[in-house]
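See the structures that follow.
One chain, chain A, appears in both complexes that follow, with chain B as partner in the first and chain C in the second.
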Partner chain A sequence: MDTLNVVGNPAIHDQHSNLILLGKMDYACDRLPGRKLYSAFKSSSIAHGAVKSIDPAAALALPGVKAVITYKDCPVWSPNIFQWGQEVAGVVAIDAGTAARAALLIKVTYDVSKPVIDPDESMKPGASSVGVIQGKNTLIANYLTRGGGGEAGMAKADVTLETVQPWSTTYQHNTLETHSAVAEWAGDQVKVWCSSQSAFNGKWEVAAALNLPINHVHFFTHGTGCAHGDKNSSPFAVVAAVMSKAVGGQAVQVALTRRDNMLFNTRQFSVRSAIKLGAKKDGTFTGIDAEFWGDVGRNPMAPVDNAHFGLRTTYTCPDADFKVTRVVTNTPQRGFWRCVNDPPGAFNYDIAIDKLADKLGMDPFALRMKNLRAPDAPDQDPPNRVWGGNGVGLCFDKVYTSSGYQSKWHKPGTRVLADGRLHGIAITGHLDSHGYIVGSTRGALVTITADGKCLVNVGGGRGSEGGLTSCCIITAEALGMPPEDVVCGDWGNTDVALDGGMQAGSTFTASAGGAFYNAALDARAKLFAAAVNHSPFFSLKVTPDQLEAKNGFVYLKSDPSQRLSYKQVMAGTPPIAGYGTGWNATLRSRSVGGVAQGSVCNANGSAAACAELAVDTETGQVEILGYWNAVDTGRTIFKQGAIKEMLSGCELMIHQALFAGDVYDIPSGACISTQFNESMVPTAMDMKGERFNVYDLESDDAAGPYGAHGMGEPCVTNYSAIICAIFNATGKWVDPEKGACTPNKVLKALGKA
Partner chain B sequence: MADLEEQEKFMEKKVEGSGLSRREFLRNAGFVVGGASLGSLAFLNACSSGSTSTVTETKTVTAGAGTTVTVTAPAVTVTGTGTTSTAPANLVNLNVNGIDYWGVVSPEWTLAYVLREKLGLIATKRGCDWGDCGVCVVLMDSRPVMSCVVLALEASGKKIETLEGLAPKIGATLDPLQQAFINNDAMQCGFCTAGQIMTAKALLAFKPSPTVAEIKEFLAGTICRCGAYMGIIAAVKSQAK
Partner chain C sequence: MNLFTHVNATTIAEATAATAKAGTAPIAGGSDLLTYLRTMCSPNAPTNLVNLKTVVPSMAYIKEEGGFLKVGALTTLTAIANDSTTLAKYTALAQAALSVASPELRNQGTIGGNICQKPRCQYFRFDNDDFKCLRKDPAGTCFALTGVNTYHSVFGPLNGCVAALPSDIAPVLVAMNANIVTTVKTWKAADFFVVPNVADARREQINALAAGEIVTEIQIPTPATGSKSAYMKWSFRKSIDFPLVSAAVLTTVAGGSVTAASIVLGAVYGQPRVATGAQTALVGQAINATSATAAGTAAATGTTVLPTPGGTNSNSYKVQIIKVMVQKAVLATA
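Moving on, here comes the complex of A and B:
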């Protein structure tokens, strides 16, 4: 690897730390204090059906109420009800309490249909329609046959395994900041401050919904209080704009209550699977026949299509079938949320691999290594691209050696700790469907100012992932500037930035970061063009191509003592703007020994985790003794941010495995886990951080800027290690029953409950 | 903020995002700050439509150079403008970060609501509105409280400390605990940070040398959904004496 000054520098902290610690980071509801109205919603008391009538009279009669809007006024609402708690009307009032009281006074009648809450019920032939997709409840999301297909592979096998995995957990994030927006009209133009991760998506959503010219919408998103994909879409920006219009343009704040937010926010889908694996006696895979069903709630377009991705790409297998089906239900929407696709899919196929290992009498890690694809091997499926980087082997090796797995693994149910509890350990991992580069739609703007410093304007919001700081680091490195001279000028402001896409850990660093790399190169070229007009370069008749930049100086390549600081170059020079768009196809080609390996390569992150735990057979309690989380970052751009992400990844994986899960009242379709205490959110007391071990590994992937993958998603994907470790401890598989591996379910697996 | 001149400067500062000076902002919100401004108070916004209300209050304020004066607010008769709720008017005095604020509140208004929407102190966040998540924690007479479940009326006469009170100006020296949060990268999205810091502030005042287990237990009421707990715990531990 080449020597970099700024990229990966562990001394660099989040650019916005100071703003946050001074309480100056502004989130949507922090805007326009003292001159805005407030809102509350009337949500449906049924899970399926249609609104028959709405009577707002009593609400409008309440003093302080300014307006009531219904689905008839708001283009993102519908009279058709697909889940319990769906918004059907909203109140604007002088304070939040008055709005909430008024919302209760709105009378709504419904035509009620039978809700379908259970995905197994939804899949049955002749099931009641969920109503989302006309005439059916399922939708094929992905289908792929390799070689002769799964059955041909089974015919070549010495050993086959067939397993039906029950539904995994439905995991929701519960963003601390609820979905929020403040809107205000000035004439025919609207300003919206929103909790969105994606300023330009929000701008387009508002413009499209209200049929406005795009330049009549001014969209701002600064602080985003927890996001992780859940805040990609901004329907409440539209609602706020409609409400503001209804009160003559006065500012209106929409801030979901905790209950409304939990009913609206996206969840990671749960997965059921039927997996057949065939292998030779030595463990070599001969065939895979894997079918996954994803419960997508009321969102038929939820991204479940890559539930099989890790199984498809991580291991070599000549004959295979993969199929993924969406199953709609009358429950809250599934969608983007911390690594959609991979975790629930991996949860199921990792269990299948461990079951096969048990049948073969093999160490499941050894079975994985037996079939792991070589990092430089092209994808087994069309278009058979090479991988820009495939560090899954690095990740497996790291957690294997650092955890001491070799000396700790034992046959299932055979090791008892000194205190009588059962010991278990397992490793899972995969090449992830995230971390890739998204086209060329991302834009970037950097400005070198008169004082020789650089402003970076990012067109995405500020979520949790450190993406804005990463863009500044990439810019500083490409410009040859010290990191303290490159600051985030503004972000999430559609008036002063180019579209940076959604600020999310899965793609932002590789995609928007690539745009900033290009913008920095553009600015640097302009800077060099300006520099040659200054002495000593002018007197030496230097041309721009003879210059280089580093540490805040422009210097002559052939004689570095001939140099000017950025400030000296910029003296008397107008500010220099550099523009860039997202990583282009040519640069996405991985170069090996100077030879391009194809016009476009895959560029995905990967990760592996090892869980070591103890199971109390009397109480069913699981204690994490150690957790090792290794992530292939390609190249770590923002070191501190990467470490934070991986540590939080450990916490979230433990949460997914042991805590999470929605709870429904099946007959009515009511979700009854709508508060933090009901959805068992982990607190500081649940942290076993001294037992977390995280590793950012660099596979030197030439596809992203400085070889970077996005890494925010892969670091939360391997919670399957925990259920596999529970099996290693007990010799019994826990049925998650659409939730987490709670003590009661562990006891049930042990035959004690 | 004992010095009146400094207080005047403070009053002329723009409130973030409102486009108003702090004086204008508070006046619009129906609040006044203690001291020189007291005589011009007008409690217009928080009075019910069409009704009238008369309020008087006596307050002792420090008028610079250690001079203490007692000021009796003029009796003010307020006729409702129809812009507010039906709730009866109630006068409160909140001492926030060393500054006295006076205003009329609706009985249902929480301390969090008044801090954010009436005083413009937005560092305190709203997460759940019923004491579940802890992002709204402030100190009330040095004790941590979830301000979303404390009524403004309950807080009257109490000393309230918010994150803004630790290092109120950009560029000012950060409180050591704030600096520890930076050094330990103890935040991601930042939405819970004010609650975490104020909770930790109370812990360190109550117990200057907490163990890691005690830190975890004390902070357990403030949720971080990004999962930055490890940095937060390390930051607080670094400040243990």
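Moving on, here comes the complex of A and C:
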């Protein structure tokens, strides 16, 4: 790998974290204080049916109420109700309390249909229709056969395992700031400030919904209060714009309550499966027949399609069938989330692999290693591409050695700790469907200014830690500038930046970063062209191709003592603009390992985790004793950001394994775990940070800038390690009952509840 | 949020007069009341709040006097948890105070507020009063009885409601035979935590306070020589949560045997539940693993697991946890 000066430098901080720490980050709801109106929603009290009538008279009569809008006014709302709590109307008022109280006064009547809340019920022949797919409740997302198919593979097996996995947990990750937007009209132009992951997606969304010319929408996103996919779409920006229009263009704020956030927003899928695995006696896989069902709520297009990705790509198996089916229910929509579909998929297939290992009498880690696909081997399924960088083996090795797994693993249910609790340990890992590169639509503009520094405006939003800083780091590296000389002027501002795309799918650093890489190279070439007109280069008759840049200086390659600072070059030179776009996901940006630049490849992240824990068989409580999380970043661009992503990944995996889960009232279909204290976010006493061990490993992905690919989602996927470690401790599999493995369910598995 | 007025009371008499008016409630730390108002979960919410924190003389104090530990109703849970006398001689109370929520909420929450909080049930607390539960409306339904009841009673409904007592302090006060002094009378704790019938206008309360009656002081008798107390709390998370099962135990030992035992369960019924069988099982025994286990088993007799839709997320785990919490609490008094 290349030796780099700025990329991976552990001393570089997030450029904006100080704003957050000091309370100075501007969030959407911080905008236009003193001259905006507020809003609240009226949501449905049925889970399925249609609005018959809406009477806003009582709400409009409440002092302070300025307007009531309904589904008739708002293009992102519908009279057809597919979940409990769906928005049907909204109130604009002088303050949030008045709006909320007025919303309760709106009278709505419905034609009620039978709701289907349970996905198992939804899948049954003759089930009532959920109403979102014509004539049925299921939709086959994909069906893939490899070799002779799973059945052929089973015929070659010495040992087969057939297992039906229970539904995994579904939950909303409940960002600290809920969805929010402030919109204001000036004539036929609308300005929208929104807590969005993607300013340009928001801009297109508002323009399309309101049938506006694209240049009439000005979209801004700064603080997002965290966002993990559920803020990729910005329907509430549309609502704010509609509300503002309804009050003559005065600014209106839409800020979801915790209840509304839990009811409306996308959340993680619940996935179940029927998996058959066939293997030789030594553990070599001969066949896989894996069918997954994903409860997608009311969103039939929810992207659960890659639930099998890790099983399909991480291990070698000649004959296999993979199938994914979406199951709709009258519950909130599933959709983009932090690592959508990989974690619940891994929950399913990792348990199956551990069950097969148990049947074979093998250490499950050894079984995984027996079948781990070589890093340079192509994908087994069409179009059979190689990976630009496949580090899943690196990740497995790292957590295996650093955790001391070899000396700690034991047969399930056989090791008792000194305090009487049971000890468990497990490793899971996978190639992730995220981390790919969608750079061709990303644009970047960098400007070398008169002071010899560089100004960048990043088009993407600040969805999470580090994406913006990563773009600055890549720019600094490519320009040969010290990192402190590259500053982010603005971000998430569609008026001053090119489309940076979404900060989601673990795509931002590599995708937008590629655009900044190219923009920086463009600027550098122009800088060199300007430099040759300055002494000493002018007098030496130097041509641009003889120059190099490093640490803020342009110098002669053959004699580095002949140099000029950027500031010296820029003296008397107009600002230099560099423009670039990212490159296509499937093309290698560099020649790596003898494979040519420009050849096609996949670019995906990967990760492995080891969980070591203790189970109290009297109370069912699980204590994490150690957690090792290794992630293949391709190349770590922003070291501090990567570490924080991985640490938060540990927290999220513990949350997902042991605490999280929506709770539904079946008769009404209402999600009743809407309040923050019921979201069961683990506290510092439930997960001790000093027990987290994180490792960023580098496979040098040929597709990404400087070898990077995405890592924000792969690092949250392996919560299955905790589930498998509980099995290793107790010898029992816990049914999470569409939630997490909370102590009551552990006790149930142990026969004590 | 519900609309309300807020006035500062300067004397307890002024506060008493103000809260006697319909639609008026006292506010101390507000950590429960304000969330209740913010979510607009009840049609019975007060429209006027009377601030007790401004009352002079202050009701925030801890002192030993006349054979009692006297704790002012506005004493914060943090102050109780950190008080050396309470820790040494009234250990269960300090432990219970420390177990509540988080440091920030303990700094704000008061002992008076903790024993006057509203019921904790997802249906009762659901925003915008979307579920007409019978604790809010006598014509309503207990949705949890056959709905989501994972956190709820294993000793059946109380006045038709299966919500479990959410207070950490309440079982300790009953176990330690505390007095609860109000502007009207002095209650024995066991009588104080009697939940009014749903036909009563006070149906949302977890205690029997009359309208306008304000808690001013908690009095805990100084335990007899040879006594120790302990409070054990269990919930899914190790902090922040309301109790799912708790046990308050006070034992007196003489000559190596228990001469008196008070064992009270919290969060398993609508009010503190005295585990009389467990008390009987323990008296006359030395405190050891065998007697503690027997007490735990006795405490869990008579339980009734609630029905659940589809058989998932049952509250059956509470039976096991009662055994363990009582066992641990008893052993902690050895």
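Criterion: the second predicted complex is superposed on the first by the 739 of 753 C-alpha atoms of A that agree within 3 Å, B and C clash if a C-alpha of one lies under 4 Å from a C-alpha of the other, contacts with A are read in each partner's own complex, and residues count from 1 in each chain.
The rule is simple: a residue touches a chain if its C-beta (ideal position, glycine included) is under 8 Å from a C-beta of that chain, and two chains touch if they have at least 3 such contacts.
Because the structure is predicted, anything quoted here is derived from the model rather than measured.
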First, second, both or neither for A:Val192, with chain B first and chain C second: neither
Contacts of A:Val542 with chain B and chain C, given as first, second, both or neither: neither
Partner touching more residues of chain A, whether chain B or chain C: B
First (chain B), second (chain C), both or neither touched by A:Gly739: second
Contacts of A:Pro667 with chain B and chain C, given as first, second, both or neither: second
Touched partner set for A:Cys488, first chain B, second chain C, both or neither: neither
Which superposed partner A:Leu104 touches (first chain B, second chain C, both, neither): second
First (chain B), second (chain C), both or neither touched by A:Gln675: both
Which superposed partner A:Phe659 touches (first chain B, second chain C, both, neither): second
Contacts of A:Gly620 with chain B and chain C, given as first, second, both or neither: second
Doubly contacted residues of chain A, that is, touched by chain B and again by chain C: 97, 257, 675, 677, 683-685
Residue ranges of chain C in contact with chain A within the complex: 1-3, 39-40, 102, 122-123, 125-131, 143, 147-148, 150, 234, 236-242, 309-310, 312-317, 319-321, 324
Chain B-touching residues of chain A, taken from the complex the two chains share: 13-14, 16-27, 29-35, 62-64, 94-98, 173-178, 223-228, 255, 257-258, 462-466, 640-641, 643-644, 647-652, 675-677, 681, 683-685, 687, 689-690, 692
Contact footprint of chain C on chain A as seen in their complex: 45, 97, 100-101, 104, 118, 257, 259, 618-620, 659, 663-668, 670, 672-675, 677-678, 680, 682-686, 737-739, 742-744, 747-748, 752-753
Residue numbers on chain B that touch chain A, as the complex places them: 15-18, 20, 25, 28-29, 48-49, 82-86, 106, 108-109, 113, 116-118, 120-130, 132-133, 135, 162-164, 167-168, 170, 174, 178, 181-182, 185, 187-194, 197, 212, 215-217, 219-233
